[in-house]
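Naming follows writing order (A, B, C, D, E and F), and every chain is counted from residue 1.
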Amino acid sequence: MNGAAGLPAVAAILTAAFLIGGSALTLIGSVGLIRLRSFSERLHAPTLGTTLGTAGVAIASIIYFSALESGLVLYQLVIVGFLLLTTPASLIILFRAALLRDQSESGREAPVQNGQQTGPQPDDRQAR
Amino acid sequence: MSRLLPFPSISAGLFILWLLLNQTFSLGQILLGIAVGLLGGWALIALEVPKARLGRPLAVLRLAALVLADIVRSNIAVARIVLGLGRRERRPGFVQIPLELREPYGLAALAGIITSTPGTLWAGFDETSGTLTIHVLDLTDEGEWVRTIKNRYESLLLEIFA
Amino acid sequence: MTGLADHLMIAPIVLPLFAGAVMLALGGEQHRNINAGINVVSSFALVAIAVVLLRATETAPAGIMGVYRLGNWPAPFAIVVVVDRLSAVMLLLTSAIGASAAVFSLAHWHRAGPHFHPLFQFLLMGLNGAFLTGDLFNLFVFFEVLLAASYGLALHGSGLPRIKAGLHYIVVNLAASLLFLIGVSLIYGVSGTLNMADLAARIPAIRGEDRALFEAGAGILGIAFLVKAGIWPLCFWLPSTYAAVSAPVGSIFAILTKLGVYIVLRLWLLLFGDQAGASAQFGGEWLLVGGMATIAFGAVGTLASQDMPRLAAYSVLVSSGTVLAAIGMGQVAITGGAIFYLVSSTLGLAAFFLLIELVERGREPGADVLAVTREAYGEDDEAEGAEEIGIAIPATMGLLGISFAGCALIIAGLPPLSGFIAKFALLTAALNSTGIASGDSAPAAAWVFLVLLILSGLAALIAMTRAGIRAFWASPEREVPRVRLIEMAPVVILLCLCAFQTIQAGPIMHFMQAAAQSLHTPQQYVHAVLGRAAERPSGPKDGT
Amino acid sequence: MSTVLDWSTMAALIMLGLAMACAAFRMLRGPRAQDRVVGFDSLYVSAMLLLLTFGIRSASTLYFEAALVMAMLGFVGTAALAKFLLRGEVIE
Amino acid sequence: MPRETLLIAVILLPFAGSLITLFFRSNVRNLEAYLAGGVAIAALALTALSYPDIVDGNVIRSKAAWIPELGLEFSLRMDGLAWAFAVLITGVGFLVVLYARYYLSPSDPMPRFFSYLLAFMGAMLGIVLSGNLIQLVFFWELTSFFSFLLIGYWYQTAQAQASARMALTITSAGGLCLFAGALVLGHIAGSYDLDRVLASGAAIRSNALYVPALILILVGALTKSAQFPFHFWLPNAMTAPTPVSAYLHSATMVKAGVFLLVRLWPALGGTNEWLVLVGSAGLITFVLGAFIALFQQDLKGLLAYSTISNLGLITLLTGLDTPLGQVAAIFHTMNHATFKASLFMAAGIIEHETGTRDIRRLSGLRHFMPITTTLATVAAAAMAGVPLLNGFLSKEMFFAETIEIHNNSLLDQALPYIVTVASMFTVAYSLRFIRDVFFGPPSHELPREPSEPPFLMRLPAELLVLACLVVGIVPAHTVGPVLDAATRAVLGTAAPNYSLAVWHGFTPELFMSVVAVCGGIGVYFGLRPYLLTAEGPPLLRHINGQRIFERVLVTLSWRLARRLETVLGTGRLQPQLQILICVSFLAGLAPLYARGLGGMVGPSGPGRFDFAFALVWAVGITCALAAAYQAKFHRFATLIFLGGAGLATCISFVWLSAPDLALTQLIVEAVTTVLLLLGLRWLPKRVQEFGRAGTSLNGVRWYRAQDFGIAIAAGSGLAALAYAIMLRPEPDSISRFLVENAYTQGGGTNIVNVILADFRAFDTLGEITVLGIVGLTVFALLRRFRPASESVPLPEQQRSQDNYDEAHPQRRKGDTVKSVMEVPALIMGLLFPVIGTIAVFLLLRGHDLPGGGFVAGLAMAVAFIVQYMARGTIWVEARLRVLPVRWMGVGLLLAAGVGAAAWVFGRPFLTSSFSYLEIPLIGAIPLASALLFDIGVFALVLGATVLMLIAIAHQSVRSHRALPQSRGAQAGGSPTREPR
Amino acid sequence: MMEIVLALGIGALAGAGVWLILRPRTFQVIVGLSLLSYAVNLFIVAMGRLRTEAAPILAVHMAGERAQVADPLPQALVLTAIVISFATTALFLVVLLASRGLTGSDHVDGREPES
């Protein structure tokens, strides 16, 4: 660990805390990817990583490097911002694509296409 | 002004981005950052990106704080669900919410909020009927969700993108 | 290192690069005539440059005209370009064929698809770079430049056969490129250098336990070159590819296999000469055996060919195999003969590839490739093809016949053109490697080589006669093809070069032997590249 | 204090590595194409965080660009895959 | 004229004449003939000029350096033997030219004929005058080649084609053997110089290589001279115009073989092998030829077999291995040339006048052409060996020689009887030639009414017949000195005593002559009934040399070759790759096997086990294997797995201290994924079929097992190599210099970037060129792209979404996708400047920190791709100017131009320079040429990547929609110019 | 230990790549080539020996010291190799598309094997 020796204890502990918190949340999100039963549910899981998971690690990094270089290092914010900006775009396309795929294969309409259908809809299809 | 700086907020964002990337506030980098901001704005004209009318900075801050809190809360909630610490039977499902919001940036922001909040997913927006459909991981009360979206977010967004 | 003449060493690479870049900067396709002009001017300028370089190596000490240190960095740390006799010969050969093919293409081939001219210049750049560079990895880069351009040119004009053959060509060469990388990096991992001369200097000192790994790298690297050279059994992609490409491209492709051969010649003798300590002559017997197998396979293939393009393609294999086997014998005199043969057979094959199209053009009316393409695709970018460029020549059939005979004689190794001299040079050297008057008995390999060369010549003769009779005699009422001067002249000029090689065989062979001599005494090369390393500039390089 | 950091970075690295493994499991398991795409997306996010953490471990800011680019390309890749699922081609 | 020059002139004249003739127009008949005749007569005259020297026993030599390195000079050498042949070649040549002028019809292209003929003459002179073996072979092959052209002069007929080809194949193959023989002989003798070779006869005969050399040379000689078993090409060559036969097949080409035998006899002769091989070939040919000749119905066929037979006689004479034999051989060669040439001319006259050569149809021609009859009769008598004609004299010598004891074998003792019998047939066919054609009742059913030919057409034959007579009557005063000189040239000083006289008294040979003549007459009349009807000789009628030859040729050179081609080669890709991988595996393994790996050294690197790294690789390896497993049926999934494997690679680069690599790998991988996704649309649907037909299942399994083995071997091989290297100490590498000088002399702190933009900028220049080339190629290929029919319709998703929209009245087509993409498209639009900013950032900092032109260019390209993805091709190109080819050109020019700028300062190409520029307010900014270079790289990479991606993307637009006029991308060969 | 993990990774990538390029479908081949090029890129880096946390970027503006940083040369080589393999992959993709379009088959030989 080059250079880390001179780090203030508070900074080190904060870094460690945020780091552990962020990565733990990310891990939980990924576990959700395994544990949740249907696609729609699984799609919720990774947002843990893209929001607080990323934020935690980024904050840890900001604290660490700011302390290390004795000045504010905010580069990591770019990453967080970028993720916040882009995640909706990809998830929206993916979700709708999945819904439309289900629809065309089952013959049923997707819950959003005609704006009529309301209420929860079971989507536990396991077929490919 | 609008010819030179058609997207002032976006250009400002790019300027900040530039400085963040370079980790320095030297004059040279500031000039470069300004150039990048201007160029970025012009590129957006070519791409016919709609102009944003951003008002009420206070509302923006309020919304941000609100969203942040929601994100933290729902992160914990979803984490609990994933880890099986939940209580009763959980029921995922779709919720449809009639919206007044039509402004593209407002919708985009709403999409961002909903997507970034674990537990909710943007499933589509029907322009003709103005109906937003979201998918909810833990759907206990449909009405609760409709209210949350409309009151917590939509009203603020309508305020911001007046 | 500041004279104009010094910079001329890099010109064979930089000139086509600029030519191609200018064509692109002009926007590519709309200015086809300007591009054509640039292409031809650049190609002829390359001939002139190659001649100047060749003349310079004649008088230079050890035949090395100079070492050009790119970026003004000392060897062996950066990249050098070395002009010696062998590379000068290859440059001249390339540029002569390049200029001929460039002129030939103007008649109509350059309109068969987009971007012919820049691709052509980039191909020349890649070839020249590969011939000149003194750095292993830079060699890889130029290999890729020429391969990429060759992919483009191989597919020039599109069409089913080209695509089918091109696919195999590309896959095999991509795999070979990966082998190249593995080999180079393995060598670097063991020896710590990429400079060829430096590598040669380091080989004797490689630690015993590392030597096996070094040789493994060299072996894998060798496979990559041999694929390019078309050695059996790594050559099956070649006949269908070469048979499918358009005429000017086939002509310049005749050089591509020779590039593989050139690299083997250059590197094997540089790295695994007698000075290489425990690794001396590494793999030589395999080169010999592989080369011989290639001759045999190529000869079988020429006999089995139903059409002229395939025949030409298999002849390429025979030619390649012959040189490889000759190199594998590892004797100065044979190497000299091999270089002579290489030049002769490449010129002949290049002429033949051009000629085939002219001959076939009149044979089956309507089978004109362009016509087919146009019909199949309804492409409008061929519409201007109807307009004739240049003048049609009289006595077409006679001229075609004579040219065909010339090609056949070169390829079969029969007199009076250079093919015969070349074979004689190879065989007499193989049988009398220590000089004809020495009375030493010839090794068994030399006898096998003799038999193979004679038989492959016979096979070529039989096949060429068959093809020639079918093309010229069998259909008397065939339509006389419209052949233009700019198509015929390149063929005739290439053949005249072969005739010149026969008449001037003495001085040329002298040059080739000198080239072979320096290849077999790599210390001179090593010294030329590394010797002046001490003079490297001290202090900041160019702090203006 | 560096031991705290040592341990925490190592733990974080391992957790993120496991996160990658989980994502990869979904990617491999499917069952449908969209599941694989979600797996792919979170694989990228986890990997990006892994790089940030690695940066902390090695006290080096040199890996920021890699992390940023990874975030960017995770998006591009996911969007392209999703677009393909949506329309059957990426660019119409 | 000095004698040396004279020799060169003799050789050059015919070739020069040949070249000049070629440029004549085909209707200038007389001028052609004058020129050709003039050349021949001039060459004859020049040859004649050296007569005094030759008769004095001198050898004229002329040498010029040719390839001294190989001990080869251009060496001409005229001694008595060469002189005699030169006179024959030029003299008969002149006569044939004269004859041909009248023989050929106006429709035959004259320039071609005379050009070939003169070239042939030159080549023939080259053979006899060659002073070294290689040069002899050189001209030898030339004669084969020109004879091919001459035989095929009337190439329109299939017969001419076949026989020309056969003659060429056989004589050239023989020539190649001769070439090999000459090489062996030169190897033994230590020189190719003829004088040296002839002088080292003893050494040659005692050498172990003597027999192979002898056989090779004999094959050459015997093929050329149409000796058994290579004789069959000659009768077929009779399809040639008769002047060609008169020249090549009587006087010159076929004589080259016997010339060679005689020439090399001092070096090779005098052994039992020579006696057996040459003697038996000659004897068989002599007997067989004479026998078959009698049964020919074609005039020229008869003459052809007679030629074969006579050449057999000459070969037999040389084969008898005695000095006198050689004398007789030379003498008979000259005699045969004269009478056979005149007979061919007579045959040609007959054909020319009557329109047929069929002996059965011809009869009583003496009534129409008495002079020709006389000429033919005299010549035929000479052939038969009638006294007072030249043929008689050499025949006598021949008979005398056969009586001599040679090796005293049974055959040797039987020889006189055999040759006498054979000579009977000689007499019989000569008689038949005369009696059946010229005598008997005049035939009136000929295609043409015959008459005496023009005087000048007859003249050549007349002169030749005159020579037969003169030599036959006064031999000693005419050919005596010549024969003497030729003999001395061959035998050296040991010339035997022989007497050239018509009358030697009642000798056994005279008796044999008498028996032969009388017997021959008997044979003729005895067999006459058979001859009138039969087609071909008895017994041998069904053996058709040509057919056998062609069958063998087709079998060997076509069927067998095709078989071998398929056995030894393959046209399929998979076996090729299998071989390639196996061969390289072995090439890598062999040294390791031979030398062993040496001791493994302990870990030199970061030996610590890194659990996270292992986890990453667990994921990477799983992805790689999954990709391999799924690539056939689940392409989409495979792409995702590929991405996973790439990600592991990229993270490894981070771990291994290579941030630049990680960046590049990442971005390249993303772009590749998009590319492959774009391509996926055009690939056929593939549905997994279970339980396919079981027939090929085992084969498939076997192939798979093979491939599996190869894959395992290759993978573990590469892994082992990598592992072995990683555990070894580093060598002292050139990178030490690079690290030490990157900043001090290269001006950058990012060493990798300094290497790319400075130390090895030449590599980078090449690398971006590759990218540019590929961009062009991709574009060129896609312009011609035609999708398979099943890929043309819209993808299923789009169709079902369109159907849905159309089925609902309130929706318009495209509403579904519009509503899905609305929010994402806005976000993606905003990303354009964001990614652009990141790209510029990466570009500008590359020299000091991770980044650089390549990564930046790709990032910028990604910004474009995102727009295309969000909005579609048409929308984007209507709004952005996308000129990728120009960008590429400008980038390449910039990068190369920065390199060339160094020339201005007298530095080598790509010499970099850097400095700090002081700007007020801003401070010092670093200005390195490397940055400009990087900008060039940026432009090119951007252009090439965008070009490739959108070229593929355009196919979707092309295949089912028409592109409206767009204002973007008008120039630059951009794909938007493709309205299809 | 890292060496063995990396070696295993290289081996798996190479093995999978080789397996795929021996398959009959063009898509399999292009994926195989990509995997192989990953393997080769890692192999090249491995030839410079492994170093962690020693990126060849100088922290200060002065002459570097070889022992302090990972070998930069193989990294530069890999960069070039990555670019080139990217280019050729793109090219091959287009060729396989063209082949598919013209022959109607995605078999590497341009026709379905007869069986």
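In the analysis below, contacts are C-beta pairs under 8 Å (C-beta built on N, C-alpha and C of every residue); 3 or more make two chains touch, one makes a residue touch a chain.
From a predicted model like this one, the values you see are computed outputs, not experimental measurements.
Chemist: Spelling it out: a chain qualifies if it touches subunit A and also touches subunit C; which chains qualify?
Modeler: E
Chemist: Along the graph of touching chains, what's the shortest path length in steps from subunit A to subunit D?
Modeler: Step count on the best path from subunit A to subunit D: 1.
Chemist: Hop across touching chains from subunit B and tell me the fewest hops that reach subunit F.
Modeler: Minimum number of steps from subunit B to subunit F: 2.
Chemist: Tally the contacting C-beta pairs at the C-F interface and at the C-E interface, and name the larger one.
Modeler: Here the pair linked by more C-beta pairs in contact is C-E.
Chemist: Compute the centre of every chain as the mean of its C-alpha atoms, then state which one is farthest from the centre of subunit D.
Modeler: The chain lying farthest from subunit D is E.
Chemist: Could you tell me which chain's Cα centre is nearest to the average position of every protein Cα atom shown?
Modeler: Of all chains shown, the one whose C-alpha centroid lies nearest the global centroid is C.
Chemist: Please tell me the distance, in whole Å, between the geometric centres of subunit D and subunit E computed from their C-alpha atoms.
Modeler: 59
Chemist: From the C-alpha centre of subunit E to that of subunit F, how far is it in Å?
Modeler: Centres of subunit E and subunit F (C-alpha means) sit 39 Å apart.
Chemist: Measuring centre to centre with CA averages, how many angstrom lie between subunit B and subunit E?
Modeler: Here subunit B and subunit E have centroids separated by 73 Å.
Chemist: Got the subunit F residues that touch at least 2 other chains?
Modeler: Each of 21, 26, 43, 46-49, 52-53, 55, 57, 73, 80, 84, 87-88, 91, 95-96, 98, 102, 108-109 in subunit F touches at least two other chains.
Chemist: Where in subunit D do residues touch at least two different other chains?
Modeler: 13, 16, 18, 20-21, 30, 33, 37, 39, 57-58, 62, 68, 72, 79, 81, 83, 85-86
Chemist: Spell out, as numbers or ranges, the residues of subunit C touching 2 or more other chains.
Modeler: 137, 141, 144, 148, 151, 155, 158, 167-168, 171, 175, 182, 186, 188-189, 194
Chemist: What chain-chain pairs meet the touch criterion?
Modeler: Every touching chain pair, ordered by label, is A-B, A-D, A-E, B-E, C-E, C-F, D-E, D-F, E-F.
Chemist: Please give the residue numbers of subunit A that touch subunit E in the complex, ascending.
Modeler: Residues of subunit A touching subunit E: 82, 85-86, 88-90, 92-93, 96-97, 100-101, 104, 113-114.
Chemist: For a test of understanding, state which residues of subunit B touch subunit A in their complex under the given definition.
Modeler: Per the stated touch rule, the residues are 17, 20-21, 23, 71-72, 75, 78-79, 81-84, 91-94, 96, 108, 111-112, 114-124, 126, 128-129, 131, 133, 135, 137, 139, 142.
Chemist: In the complex, go through subunit F and note every residue touching subunit D.
Modeler: 52-53, 55, 57
Chemist: Could you pull out which subunit A residues touch subunit D in their complex?
Modeler: So the residues of subunit A in touch with subunit D come to 1-5, 7-9, 12-13, 15-17, 19-20, 22-24, 26-27, 29-31, 33-34, 39, 42-43, 45-46, 49-50, 53-54, 57-58, 60-61, 64-65, 68, 73, 75-76, 78-79, 82-83, 86-87, 89-91, 93-94, 96-98, 100-101, 126-128.
Chemist: Going by the contact rule set out above, which residues of subunit F touch subunit C in the complex?
Modeler: 21, 26, 29, 33, 36-37, 40, 43-44, 46-49, 73-74, 77, 80-81, 84-85, 87-88, 91-92, 95-96, 98-99, 102-103, 108-110
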